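In what comes next, subunit A is part of two complexes: it sits with subunit B in the first one and with subunit C in the second one.
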Partner chain A sequence: DGVAALPAPQNLSVQSTNMKHVLTWSPVVVPEEIIHYSVEYQGEYESLYMSHIWIPSSWCSPTQGPECDITDDITATVPYSLRVRATLDSLTSAWSTLKHPFNRNSTVLTPPGMEITKDGFHLIIKLEDLGPQFEFFVAYWKREPGAKEHVKMVRRGGIPVHLETMEPGAAHCVKVRTFVKAIRRHSAFSQTECVKVQGETLPL
Partner chain B sequence: LRRCLISMDMRRMEESFRGIKNAIQAKDTFQNVTILSTSETLHSIKPLDVCCVTKNLLAFYVDRVFKDHQELSPQILRKTSSIANSFLYMQKTLQRCQEQRLCHCRQEAINATRIIHDTYDQLEVRSAAIKSLGELDILLAWIEKNHQGTSAA
Partner chain C sequence: QEFQFGPCQVEGVVLQELWEAFQAMKDIAQAQDNITSVQLLRKEVLQNVSEAESCYLIHALLEFYLNTVFKNYHDKAVEFRILKSFSTLANNFIVIMSKLQPSQEKEMFSIRESARRRFLLFRRAFKQLDREAAVTKAFGEVDILLTWMENFYQL
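Right, the complex of A and B next:
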């Protein structure tokens, strides 16, 4: 029937940072036409026990792409297979499948943002809200030889947390890293930030 | 004696179950029958048997219930897939416990899970699968209660 087959999307890959996972691919180009894409996934359970089952992605079946936020689909720490196809009116391409299944335990964990403030003599920290999967390991100490490092686990970002009452004239320093229980991994520590009760934030 | 405790994304599983509970329980045609609750013994499982019963119950759901369910609706399929893959991950975590011989199965534990299998077998398979899915909250609550504390795995 002479209808040109629609090429399948190519170069599928997943970018994942701080438990946000985005599937991307090279767009299929047909001059003056809008191409739609459908994304489907299979967890390890499906590939082991129900290999005929592919599940339409929550947000991208269909989408104009060429990317798809699959964060809400990747909900367990097991390998997930992902596939994409293109559609144009009644034309549908073959499926393209991600070469290697994606596991969320490979996500890149970045040191969290933090805001250190003083409320009188009180040292207050406010951490970046990265979502319910993230806990924060906060280390803080008084900057003097032999000072003891204190630690506090903060369960949720986005809310001010009191760390300690500072001594006048002494510099107090803080660093923080994230911990994600679902994948049992933590990020690197953030830069250390120090404050002095009567001064500004001191450079390192 | 070190216990075999598995850590899990309970919040996500409970969220997934809440998403399907009404739809699944509405399809349950045998309201006067229960699969997990017949084993009142589930609540009388001793700490020593928790690992074995957990292992057996995860296998029951992974090997039987989710497969027998055969769901077509994408919305429900996403939720059951989320739970099924989380159970698969928990099974792998328990596997490490077994390798450290922390997951011994005594007769009491074997009997408790046999009751569940026997009750499941008495129902038509799809009805049994739907009922078992509808009772996932019982299992999740039992797992959460018995696997709190520092994970040995």
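Right, the complex of A and C next:
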């Protein structure tokens, strides 16, 4: 019937930062038409034990945009195969499969955001809420020669945490990094931030 | 947070994620199990397991679950629309399996045999049931398995 086959999506890739995983591809363009896409995935179990089984993605079966948040689909630290196809009315393209399976242990971990405040003499930190996968390793110390570095593990971001009671007139410094239990990796440390009980946040 | 089955350490699996996956399937999975008089993972299989035995036993049980229970339960998972949670559980069991290295040394023979006897109790009970009923019951008993595994999970 002379209907051109729908081309399969190309250039699949996954961008993953702080355990948020997004699959992207080059859009299939048909002038004046809206293309829909379907995304499916296979974990190591499926590829080992039932390779014919593919699971529809939670949020993108179907979707319009040339990208898909697959975070909720990647729920184990194993290689996941991913595939996408395009659909236009009754026309369906072939599947395009991600060249290399994606494993969440390759996610990019960035130093977390933090907010240092003083409540009287109390040093308070509030960490970026990155979700339940993340713990925070907080290091803090009084800025003086030979000062001892204290450490506190914070299990959850988004809530103020008391670090210590500060000494008047002394600068107190803090830096933090994340730790992700499911992949046993941590981020780099954040910038160090220092505060003085009476003063403003000191530049480094 | 990791599992420590005696000498076998398993990192990179968050037990809470396994519980959440099973909780999402529990009601529908256990509702299919009509044989209430039998428990496959009964006391004699899981109670008083020594640390040293635990690595052998969990390895045998997970291998059985992956090769037999999950494989034969898959169509039901599709039917009951629980494929996503089912996949989460199966793939995390694969992670655990891949990290278990039970020792094969001669001195461990008696401990290995003790664990094997426990596993055979489970498998014999499984085989005494009709195949589909056994798979359904074993899948419904994953909460018993996770509860036992929790004993070896260190926060």
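We adopt the following convention: the second predicted complex is superposed on the first by the 204 of 204 C-alpha atoms of A that agree within 3 Å, B and C clash if a C-alpha of one lies under 4 Å from a C-alpha of the other, contacts with A are read in each partner's own complex, and residues count from 1 in each chain.
Note that a contact is a pair of C-beta atoms (placed from the backbone, for glycine too) under 8 Å apart; a residue touches a chain by one contact, two chains touch by 3 or more.
Being a predicted model, the structure only gives us computed values, none of them experimental.
*Asks:* Based on the superposition on subunit A, does the combination of subunit B and subunit C result in a clash or a fit?
*Replies:* Superposition check on subunit A flags a clash between subunit B and subunit C.
*Asks:* For A:Gly43, using the defined touch cut-off, is the partner it touches subunit B, subunit C, both, or neither? Pick first, second, both or neither.
*Replies:* So A:Gly43 meets both subunit B and subunit C here.
*Asks:* According to the stated criteria, A:Gly65 is in contact with first (subunit B), second (subunit C), both, or neither; which is it?
*Replies:* A:Gly65 contacts neither subunit B nor subunit C.
*Asks:* Please indicate which partner A:Val78 is in contact with in the superposed arrangement: first for subunit B, second for subunit C, both, or neither.
*Replies:* Touch status of A:Val78: both partners.
*Asks:* Once the two structures are fitted together, what part of subunit A is touched by subunit B and by subunit C alike?
*Replies:* 43-46, 48-50, 53, 55, 58, 73, 75-78, 132-133, 181-182, 184
*Asks:* Which of the residues in subunit B end up touching subunit A in this complex?
*Replies:* My answer: residues 7, 9, 11-12, 16, 62-63, 66-67, 74, 77-78, 81-82, 84-89.
*Asks:* Touching residues of subunit A toward subunit B in the complex: what are they?
*Replies:* 43-46, 48-50, 53, 55-56, 58, 61, 73, 75-78, 132-133, 181-182, 184
*Asks:* Please give the residue numbers of subunit A that touch subunit C in the complex, ascending.
*Replies:* 43-46, 48-50, 53, 55, 58, 73, 75-78, 105, 132-133, 181-184
*Asks:* For subunit C, which residues are in contact with subunit A within the complex?
*Replies:* 1, 11-14, 16-17, 21, 66-67, 70-71, 74, 83-84, 87-88, 90-95
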